[in-house]
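Common to both upcoming complexes is subunit A, partnered first by subunit B, then by subunit C.
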Partner chain A sequence: MTKEISIEVKGLSKHFPVTSGVIFSKTVGVVKAVDNISFSINHGETLGIVGESGCGKSTTANLVLGLDKPTSGQIIVQGEDVAKLKGESLFKFRRKVQAVFQDPFRSLNPRKKIRHIVSEPLMVHKVGSSWQIKQKALELLELVGINPQRADLYPHEFSGGQRQRIAIARALSLNPSIIILDEPVSALDVSIQAQILNLLMDLREKFSLTFLIISHDLAVVEHVSTHIGVMYLGRIVELSPAAELYKNPLHPYTRALLAASPVADPDVKLKAVLEGEVPSPMNPPTGCTFHPRCPDCKPECKSREHKMHEITPGHFVSCLNFSS
Partner chain B sequence: MDTLEAEGSVEAKSRARNRIPYIGLGFISIFLFVVIFGQWVAPYDYDYWDMANITQPPVWLEGGSWEHILGTDPLGRDVLSRIIHGSRYSLAIALSCIAVYGTIGIILGLISGFLGGNVDMGIMRLCDLWMGLPPIITAILVVSVMGPSSLAIIVYIGLSGWPGYTRIVRGETMSLAQNDFIRLARVAGCSKFRIITSHIFPNIVNTLTILITLDIGGLIILTATLSFLGLGTQPPSPDWGLMMNEGRQYITYAWWLIVFPGVAIMFAVLGFNLVGDWLRDVLDPKQKLR
Partner chain C sequence: MQTSENILELKGVKTYFSTTKGVVKAVDDISFSIGRGEIVGLVGESGSGKSMTSLSIMGLVPQPAGKTVAGEILFHGEDLLKKNDEQMRQIRGDKISMILQDPMVSLNQILSVKYQIGEVFRYHDKSILGSLKEMCIGVLKKVKVPSPELRVNDYPFQFSGGMCQRTIIGMGIANGPDLLIADEPTTALDVTIQAQVLQLMKQVQEETNAAILMITHDLGTVAQLCTRVLVMYAGRIIEKAPVNTFYKNPSHPYAIGLIKSVPVLGRKSDRLYSIEGQPPNLLNPPTGCRFAARCEQAMPICTQEYPPEVSLEADHQVSCWLFAEKGEQ
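Now for the complex of A and B:
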């Protein structure tokens, strides 16, 4: 495997202003949805990002996709700074990076036949003649396991799992090298989840794709990822090769997630493992933002912010217990 | 939760489907039939003066005859024929008004809802301003500039009716824009124009169908009212409002001159409202509108 970097994120932050007042609205604070995160994904690898609801996972996905502008920091995708792209260069970037989103009921236009849904990116980018595009759409549907004879049906005539397959077919249509998967299976039944994840892995192999997969469920990410980043309140608290993370989880939050993981709804179990609620991202705790819920909290944790430390090669953690 | 909601709406939908408004559809069918074939089914021309039979009562009253089923006016014009011919005026004026303000309203609503920010704010303030204009005074103003005519009515209503559409279309657009398929359209590289025309607009067509159907009834009344007040269609047109206006002075001894056009208006409006309500149940079971 070549060690070519596909996505590199450096010090990325996204702060949303919080306004109050209807007529004379003024900014009363900021939500640090994403706060100074860094990671990189090599070509052909898959980085899984896990974290509870509201920790900034989707915001990260939007930034990498160039749907939103970062407050600070950089996203370099195959040598290009995503935030600086516009017009023609942004249009070209779209061919390289595609996405699949969480809710298969909202990610397909209900008024379009699935043939059109799958072929729209090809039409927009004028890839081939209309006959070729039509053929390509049928091939793509076949590839993801949808009978091409059903190409003239509308999305509501398919099940959730099938719709997600259609969404994947669309994402593949432009032959992208990177696919951002934001909670690709969390709206699906557990039995269907595995099928979709297997499909994704097959496709990754076949087209040598790079994935950034986002989930609140560690079990989902575990299947697919080569590397895992654990996010908490807008920050990455631990980043490691997948096998290493499972063997040797360091951050107390990661351990809690792992302890909660092999159940149907991890959010439920997590409450049992961890005390308290996720603090508001508008008013995060001082020092280590995890300290109010941390079982190993020390007095310094309340005041001192810490940086990521590399404990073993490739395994980073941001926790006072592991900084020298 | 989501599935529950979906099931509920499916149920509401099928219930609504089974309650087809035959009466409303019947009124609309008659209305449209008369609009299209009126020229051939009307016994007389709308401006034919039968001087031998002036102010003749309807057929079932003493002095009435089968020649003029709904009677005649003081010029000997056949009331039934005038009502039949008048249907075309009502519908044409109503549709012209909708075409003008619908186009303005929909385009501004799509732009406002999709672009957001300052553009949205500007358009919304313009809406507020526009809705603050006093209706009767502006109507009289337009008429005094253009002179009373059907065209003046179309210009007046066309230019004043759009803010309602802009608001509704803007709201729908904003909630649609939250959907992942819009985000994915951007990921695919669709232009703003393409997103608006091919992803948002097709998804508001249902809402627009309901709005337009419900509006036709109101517009028939409004245009008839303006004609009744003498601001709109001018004689000898068989506009229903104008007919009522002309019949007003004879109300004590020739009530049919004012009652029959009134009944025609009532049934046409009722038809469109019944069907509009039903469409709303079928197409929009969550009752987002009104």
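Now for the complex of A and C:
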């Protein structure tokens, strides 16, 4: 079975200049938000990207969505280079790739009825007559579990979980093949979070969607993803099939993340806690950026940068301990 | 229950908010106690009344809309609700202190860390004990902020989120409180920093023997830190249990659903268990059990009358008709 590649990212970097001064401003440094990352997602698969705040997960999502231009590298979505898209072709690209954002309280316009919110993408792209759009909006709401009779209410009349359902309905309205989800459940309560994760998995099956899920919660990502990438300071340090990553984590940072996630079981105690904090991305450590916090740090780690090595098929890691 | 050792005891506390639409029963008739040196977890979803419970204890319920209208909050046997503002001010930050959720917001960005830690001592007339700066450095040292001698003059924006939260924990324990209320202390932090802060809180608790009331929605944090768990739903406490009993053998259908709906690392299943529906509106809560509408095992009586609290074991209470029936037979 040949797999069709949906999203391919090659050597992607995004550097933000840091300026100082108001009138005669000059660049005093660069934040390497995303630094030379590569990954690919096959059609129908889900890649989860985990990492702590400031590691570049959301920047990656914005780049893939075409909301930001990369400094270097390529993002190829279904054969098209996203960075080169302009005008009409970018407009068409947006039909294929949609997004769901973190905070459903901010991502929905409080002054519009939810019927309007869900049908807005259809109106912008002029899909069908106004009557068809109306019907489609109601179908979409029903699909995500919102009673269509409530279509004339405003977002504030819904709870957080329901609003996230509305945001998902909006993302689905143009029948996209790819949905980028940036922290889709982190603003929700546990019992609601489970509902939304189940809904996402059902929809993925039904419409054979490709997901890119960004989250800080390893358990959430593991649950919905087929593949997981772990990011640290703008780089992907480990990329592997989801089950493999949990069974056989290789990079010391992945291991630390797994150990630090509190398990809802009083018999499982927190293991070794990682010392220190994430360094500033403006002035990252030399060599392997994780070396100041790494328990298995060797002298070479401080000077040599590592490339990704394939350890077992599909399981890549960027660590000196695993490169021969 | 160890009544003699209880440092805090809540009896039938009700905190209501009057709004233009009617009375919101944020905290409705809750009772529990905390013993010396205990770490008690108060879990529940947003809007279940966890934070209002903690603010009721501190006497900080937003005025004038909100008011604790009934019940007793006994701290060392004295009713905090009967104290006046000045007396409460003496207690807050000294005998009871509080750690809030967002460390970047709960510190004032334009005052130095030294000044803000110093306030804890100044307000409680402890500055005479020694040099204020030395005491502030001592606080930072205790919570392991790196190079405290240099950082004490910094401003909060120069600190990372983890360091800010450490500073706040330091301020909380500076006067050796008997009770520390931690309202979602690690929610705003990253996973590796959260683990560090949890470890610190555990260590601090062992050193000072202060009781901690840990308010959180994260069942993982509770399992790691707490000895006892109270579960809140729609303004009521529905189950009280020791931490092992709660995770191994929860009784209330809501508690069971809550535990089942958490995705567990390495135990991947096709579908997560999810509790259908939404929590009720607290403006007009149902007369019976508040979980009845979402409960799979609901019986006719559940919607008519609120279930009594039943003791399954000495320290395991549950409010559910499933068990009340059994109790009667």
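We take it that the second predicted complex is superposed on the first by the 311 of 324 C-alpha atoms of A that agree within 3 Å, B and C clash if a C-alpha of one lies under 4 Å from a C-alpha of the other, contacts with A are read in each partner's own complex, and residues count from 1 in each chain.
Just so we're on the same page, contacts are C-beta pairs under 8 Å (C-beta built on N, C-alpha and C of every residue); 3 or more make two chains touch, one makes a residue touch a chain.
Please read these numbers as outputs of a predicted model, since none were measured by experiment.
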Which of subunit B and subunit C A:Val31 touches, first, second, both or neither: neither
Contacts of A:Leu257 with subunit B and subunit C, given as first, second, both or neither: second
Which of subunit B and subunit C A:Ala99 touches, first, second, both or neither: first
When both partners are placed on the shared chain, which of subunit B and subunit C touches more of subunit A: C
Partner chain(s) touched by A:Leu181 [first = subunit B, second = subunit C, both, neither]: neither
Subunit B versus subunit C as contact partner of A:His223, first or second or both or neither: second
Which superposed partner A:Ala243 touches (first subunit B, second subunit C, both, neither): second
Touched partner set for A:Phe91, first subunit B, second subunit C, both or neither: first
Partner chain(s) touched by A:Leu320 [first = subunit B, second = subunit C, both, neither]: neither
Partner chain(s) touched by A:Val278 [first = subunit B, second = subunit C, both, neither]: second
Residue numbers on subunit A that touch subunit C, as the complex places them: 52-53, 159-162, 189-195, 197-198, 201, 216-220, 222-223, 242-243, 246-247, 256-270, 273-275, 277-278
For the subunit C and subunit A complex, residues of the former touching the latter: 45-46, 160-163, 190-196, 198-199, 217-224, 243-244, 247, 257-259, 261-266, 268, 270-276, 278
Interface residues, subunit A side, partner subunit B - complex: 62, 65, 67, 91, 94-95, 97-99, 101-103, 105-112, 120-121, 124-125, 167, 170, 174
Footprint of subunit A on subunit B - complex, ascending: 2, 179-181, 183-191, 194, 199, 202-203
